[in-house]
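In what comes next, chain A is part of two complexes: it sits with chain B in the first one and with chain C in the second one.
Up next is the complex of A and B:
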């Protein structure tokens, strides 16, 4: 076997407090690549639903991306608008700061947002547009936060972009507003939860049942104002993504808010996260409520999962989700009785990988690179029944007739929390049992052995 | 399995009381506007006064209906056998293109990036390109690598020709692997110009490197070249092939991405499916002539074929409708010297019959159109033929020449009288148009669904990209058969709307 039951070693700088350009694992030239730092910054900030998000660059950076993210909003929809400066050749030669200023002014007047995030792109970073100056001037003149997000695509991966967006929040937003009384008390910030398919709502509902309130959603279904008062929360939870860990560390340093890392994929992880919140809130009553909630929910889920566990016995899955989600999804799959026999680690940090190892051991195959073919090879060699990956790999799996679960942001099923685990189980059941695989797996009737005519 | 747990659907789940209450609490700190203020702003955004302000907007774009050059060049590359699209620049662009095309075709899209970073910005991207070529050829084993650029490489001014030459000298990639390249920055043109640039580069590269052009067989001289251009419909390839086989004409498609974008679930994934054979390209230079079913999307390519290959070239916008298809068949007949087969004439009669069946429901319907130039011209023609009235026509990536042609077409019919062509405008402009001057139907890509919803009119999905409906691209929209598909899409949308809006007494069985 050409690769590697050995655990790959990655650059560990990714966990540093200060983002450095070389921090996260980088794609190798000549391979199919993942999203860029610009994409990452948008992932983190676009869920702030009432803000305007203006892309300073060629039209296609938004043309390719507007209105295609799965972060849900319960109210404002301004973040869904694809605002851009659509630079042309002349702008590249003569500069486009005037155009940017005019665009900011137009948005401020016509759309009246509480804030405007302005994103640098490869082009504007390279031609040396002074985003900070234009945004600073506009902020003062308009009396409106206009926030530069300096995360051009070429800086690196999606993960790095997430972190740079966190930096922008720390520098320009957090600590700039004060909460309503209602959200003081036992309040927790959720960092890096983007409300894909409504997962944030599911989590918030659970927390509320345990008497814990969410102070600031960073940033799933978030509003600009609530992020401003994140510094008043009692606890920060970094939700199954290393990307905003830097922000949590900064906030601990500056505002003395303790943080922990957790996930809501799977009952165990969910319970752990709730317990951890209660523990850090240091509130007897909350701890008691959390315990009771967990007891009740775990019993309910265990009962509901029984038929699934029977069904999934001996099933094997390959995970190819990019780094951050992989370890948390593994826990969920373990609870369903599905064995993870292979994990793609090309976007994982060393820390992610060590967490994966904690959960499945070194027995599984670690696939650090190699694109679609490499994953498919692993599926075959390891006799996997199921592949769990994002949208770009979905159709590859279909070609190979591999049952598939989409774990990416386009999906419409919330997998977080106790009910989320049930939903995941049900989705996997659908996928595994679907009659289409019977059609796909068998050759046409006239191609089956013994049916050829000799004539 | 019988004991199925109660699992609420995505759409219902968050409407339950517990969630409603949870989300209601949030309103406390959302932008504190009263319902009246929201109402007022919403009303203003739908006013004539706002439309004027909106059309005076010249720095900002809101909801553009175009993608960028390298996306088009990826599609062009995938039109050739075992060709790997290679994008020189920063990595994220490639991820966007793969997602974009995957979401439309529901197929995997192979494409790689040289993944330049800020080191590249300082020192140039040569090392990335060379290393990238070496890795990708080893990993994906292509027969050809089609290199195009993203903004980053263009802004720092990378010299592709020199870099590729260096890669060969260093032995990173063998001499036998053709590597055509095109400069395709996003800040110039759109996906259609990128398609054009890459296609032209592939054709000229393969033609000029081949030494045995003269060795083309007699059969090659009797063939016809066909170009479909930036073609989001795999069904159009199949339809055109069907037409040509009825004619009995030999043909070569210059770019045929239908294999890659419509491959079978055969149990084993290959990176490459179908595509024009590389060896067919030099032979195509000796063909009878070239017919292109797009004009604006392949301008430079057609110029090249005309001058470089000294060939007769006939180009037309997407042939939708009877007259446009007539012109296509006449062109095939003229260049090949073959008569239009009876079978196609009969087919024509059947589709004309279908149009007469539906004409009552289409007559006088006012429509708004958005899309690429060639598709729009095809659709305008179809509308005029079926008595529909194109009113708002928005073409984000259209040029002056397109505008003139579209206006000329509109003025050729009384049904086109009201038609206004807006080039360089976006879908936020379209929203203003739809609201201040309402129409019955919108026709365009999935992106148009938001404006259509605001204006409370149905959207007929035609064009690129279509993310939210399945299999539309598998059905042709060109030729007589394609005309029938477009007709039934539109008329059935109209009929559905009649049902949806009908009072009790008007909910008719027969329509």
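Up next is the complex of A and C:
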């Protein structure tokens, strides 16, 4: 763990819940990458599928951002609707609180949602719109939770927005409803799992097989009422998003719900998470069931992975992603026999980094700053066969003809759980073995032989 | 006045794409350029991600990463830092600094700062142009043409209004509107050069965002019109603007360098292409090349084949202003009844249009389009189209859920033929589905 000193860390304090903590580091003009706090708040709250999500701001804040995530819903689709107050110049000059009020009323009447989340934006924050007052008044008048989310873009990064959204849930949602049935002794909340490509469903099936039930999904495939009874769960698991760690700490403090951080990427991480749940649930029977399930699944996966491990022997990958994924995906790749020779840490916290070090040692290259050029340099120098990153960098890899796996929110394949690991192996095999790489390296017949592109 | 609006306080399923995003798009058509969004980092991140997913290509954009206190106290400091860094690291030829609502509301006059910066700091031959595009007014189309106008203006000013040489009689400026895909721009360039002209295109997306591996990755644009070419624009004989929104930059060239211009507001279909080719024949003195005569035959023949399926069908279209009217003209050509035309904002063209146009969102399109056979809009309309059971044609921006939409060609005779067949096939599938339904009942 002492090795962390050599690895610079940014963005750590954004995740800290203590109000005393110093402000987030300032993003560097001309080099900043990634979304704003408004984006972050939406990432966390939009998966609440039955609620209406209204953006109070200029048309582009919603127009440029809606329908861009892969969170799936098994039922209600209202969160797929883009609602915006689309402010014009007049609204900026004279204020837009009336318009906001009318918009809330319109949505309440026409769509009858269980709740409306109202997002502040830079402009409404600048002109001093009183979101709390408008939402409070509308709540009382309509008898419907209307929740202000004060996370305008210019407050900071995406991580900060995740955290502010968590605070909104704590302040306005959690503890406001009760479950329909009696709470089972083995109910767990999943925090920060957004059901990308249906991963939540995969995880839930797995938990159910071990006799553990999901109390509240926060927020992948979530429902507003269900999140309201999150305080009745026995354990909180913070999945792959440290941004909601603050929420877990708050819930521990207020409702005495123990929490742990875990991941479902890779068989080992999955087993660890299930064990941790059983341990914190403090239930003999569950522990027993979990042990048996893990034993069975791990044996099955180990067998199924054999051909892949042979195939992937000696393969090297560069991993460029943020937060929990920067270490949990490493575990998954280790199990596949792929060596991670470089890892981006600019979106990782100190704890994330120490976990990375635990998993790959100091041999690998740590890439502390963002920017596609820097990653490409690492790919070249470390002779990587594969780049694993978010969709933003997909076309960087394509232009350089580097095999690529998308690991972030826009992807369409679920990698969580035991089957997810197999799916990841399969996906990597398809990618590496695809005939296009050979064709892409071959010069056109009329070009000089040997003068392929310079990578 | 044929522009109408639904009475509704809130926009539901917005059609608007920010003007600042349109500005970023236009910058991509200049070589070794980068757009710098002067705003919160999200303004750039959203634009970048949306453009990346539509074009499946890297997009050259950076941000001044304004935070709350910067906006209140000193946004220029961020801008200076961003410019210093971008220039030192990437050495671009052109930076377009796009002001957002954030700089607009806080009243930052950063164009004065840029003048000072260019004067005092060595901007190392890099041209820096400020364009303010708050997302309160207009949509993608407006931001796109405003940036083109800004670039044309800067080129004119840099030359002191004088052409860098004798007039070039065989040279044409092409100003393609924002609704044209890189594939469309390539087609237009080919058509014009087939009449013996050299074509200077601004912005030229056909060489930057059509997809190529020539340069590998670069944080700057990987193609488009080089600055030197843009200077040559002032020598051209004529300017052809495609889309009414491109008239303003064309007029700039006329005022500064006495270059006459012609605006083609119609882009799609037989009549629109006839108009363009007749004009090119007259201007060049070259008779329409055989291949286009032949393509016209092919198009007409396809239209005859297809008219059985188009007859009696109806459509709703929700697109940017220039695009929606051009598509409407094509739909009329095919005998399709128009149930509704929706645009995100009002423009002079829409005000003067014969057709009724609604200013609104995709929810309005859903209301107007009840019972329509065909729905034409960006990919956000797919779900609405499914709800009213209309066949869905993805067009405009963004289309992020289809491969290769950015290289679709729908201009020229060949493009029109492709459009006729693509949509015609959808209508055939509808007929089949209707039969199936009847059998099941």
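Keep this in mind: the second predicted complex is superposed on the first by the 421 of 455 C-alpha atoms of A that agree within 3 Å, B and C clash if a C-alpha of one lies under 4 Å from a C-alpha of the other, contacts with A are read in each partner's own complex, and residues count from 1 in each chain.
In the analysis below, contacts are C-beta pairs under 8 Å (C-beta built on N, C-alpha and C of every residue); 3 or more make two chains touch, one makes a residue touch a chain.
These numbers were taken from a predicted model, which means no experiment stands behind them.
S.K.: Report clash or fit for the pair chain B and chain C bound to chain A in the combined superposed model.
M.R.: On the shared chain A, the partners clash.
S.K.: Answer with first, second, both or neither: which of chain B and chain C does A:442 touch in the superposed model?
M.R.: So A:442 meets neither chain B nor chain C here.
S.K.: Quick check for you: in the superposed arrangement, does A:85 touch first (chain B), second (chain C), both or neither?
M.R.: Both: A:85 reaches chain B and chain C.
S.K.: Looking at the overlay, does A:50 come into contact with chain B only (first), chain C only (second), both, or neither?
M.R.: first
S.K.: State whether A:296 touches chain B only (first), chain C only (second), both chains, or neither.
M.R.: It touches nothing on chain B or chain C.
S.K.: So which one touches more of the residues on chain A, chain B or chain C?
M.R.: Result: the larger residue contact count on chain A belongs to B.
S.K.: Which partner does A:153 reach: the first (chain B), the second (chain C), both, or neither?
M.R.: In the superposition, A:153 touches chain B and chain C alike.
S.K.: Check the residue A:36 against both partner chains and state whether it touches chain B (first), chain C (second), both, or neither.
M.R.: It touches chain B and chain C both.
S.K.: Kindly classify A:372 by the partners it touches after superposition: chain B alone (first), chain C alone (second), both, or neither?
M.R.: Touch status of A:372: both partners.
S.K.: Do chain B and chain C land on any of the same chain A residues, and which?
M.R.: Shared contact residues on chain A: 26-39, 54, 58-68, 80-89, 92, 99, 102-103, 106-107, 122-123, 125-127, 152-157, 371-373, 376, 391-392, 395-396, 398-401, 410, 440.
S.K.: Can you tell me which positions in chain B touch chain A when the two form their complex?
M.R.: Interface residues on chain B, with respect to chain A: 1, 3-5, 7, 10, 13-14, 18-19, 22-23, 25-31, 41, 53, 57-69, 71, 86, 89-100, 102-103, 106-118, 120-121, 128-129, 131-137, 139-140, 150-152, 155-156, 185-188, 190, 263-269, 271, 396, 428, 447, 450, 467.
S.K.: So in the complex, which bits of chain A are touching chain C?
M.R.: Residues 26-39, 54, 58-68, 77, 80-89, 92, 99, 102-103, 105-107, 122-123, 125-127, 152-157, 371-373, 376, 391-392, 395-396, 398-401, 410, 440, 453-455.
S.K.: Over in the complex, which chain C residues touch chain A? Could you list them?
M.R.: My answer: residues 8-21, 36, 39-50, 52-53, 56-58, 62-68, 70-71, 78-79, 81-86, 89, 101-102, 105-106, 134-137, 139, 213, 215-217, 219, 222, 344, 379-380, 383, 400.
S.K.: Under the stated contact criterion, what part of chain A meets chain B in this complex?
M.R.: Those residues of chain A that touch chain B are 21, 26-39, 50, 54, 57-68, 72, 74-76, 80-89, 91-92, 98-100, 102-103, 106-107, 110, 112-114, 121-123, 125-127, 152-158, 180, 182, 197-198, 201, 204-205, 208, 221, 223, 225-226, 304, 307, 311, 370-373, 376, 391-396, 398-401, 410, 412-414, 419, 422-423, 426, 429, 440-441.
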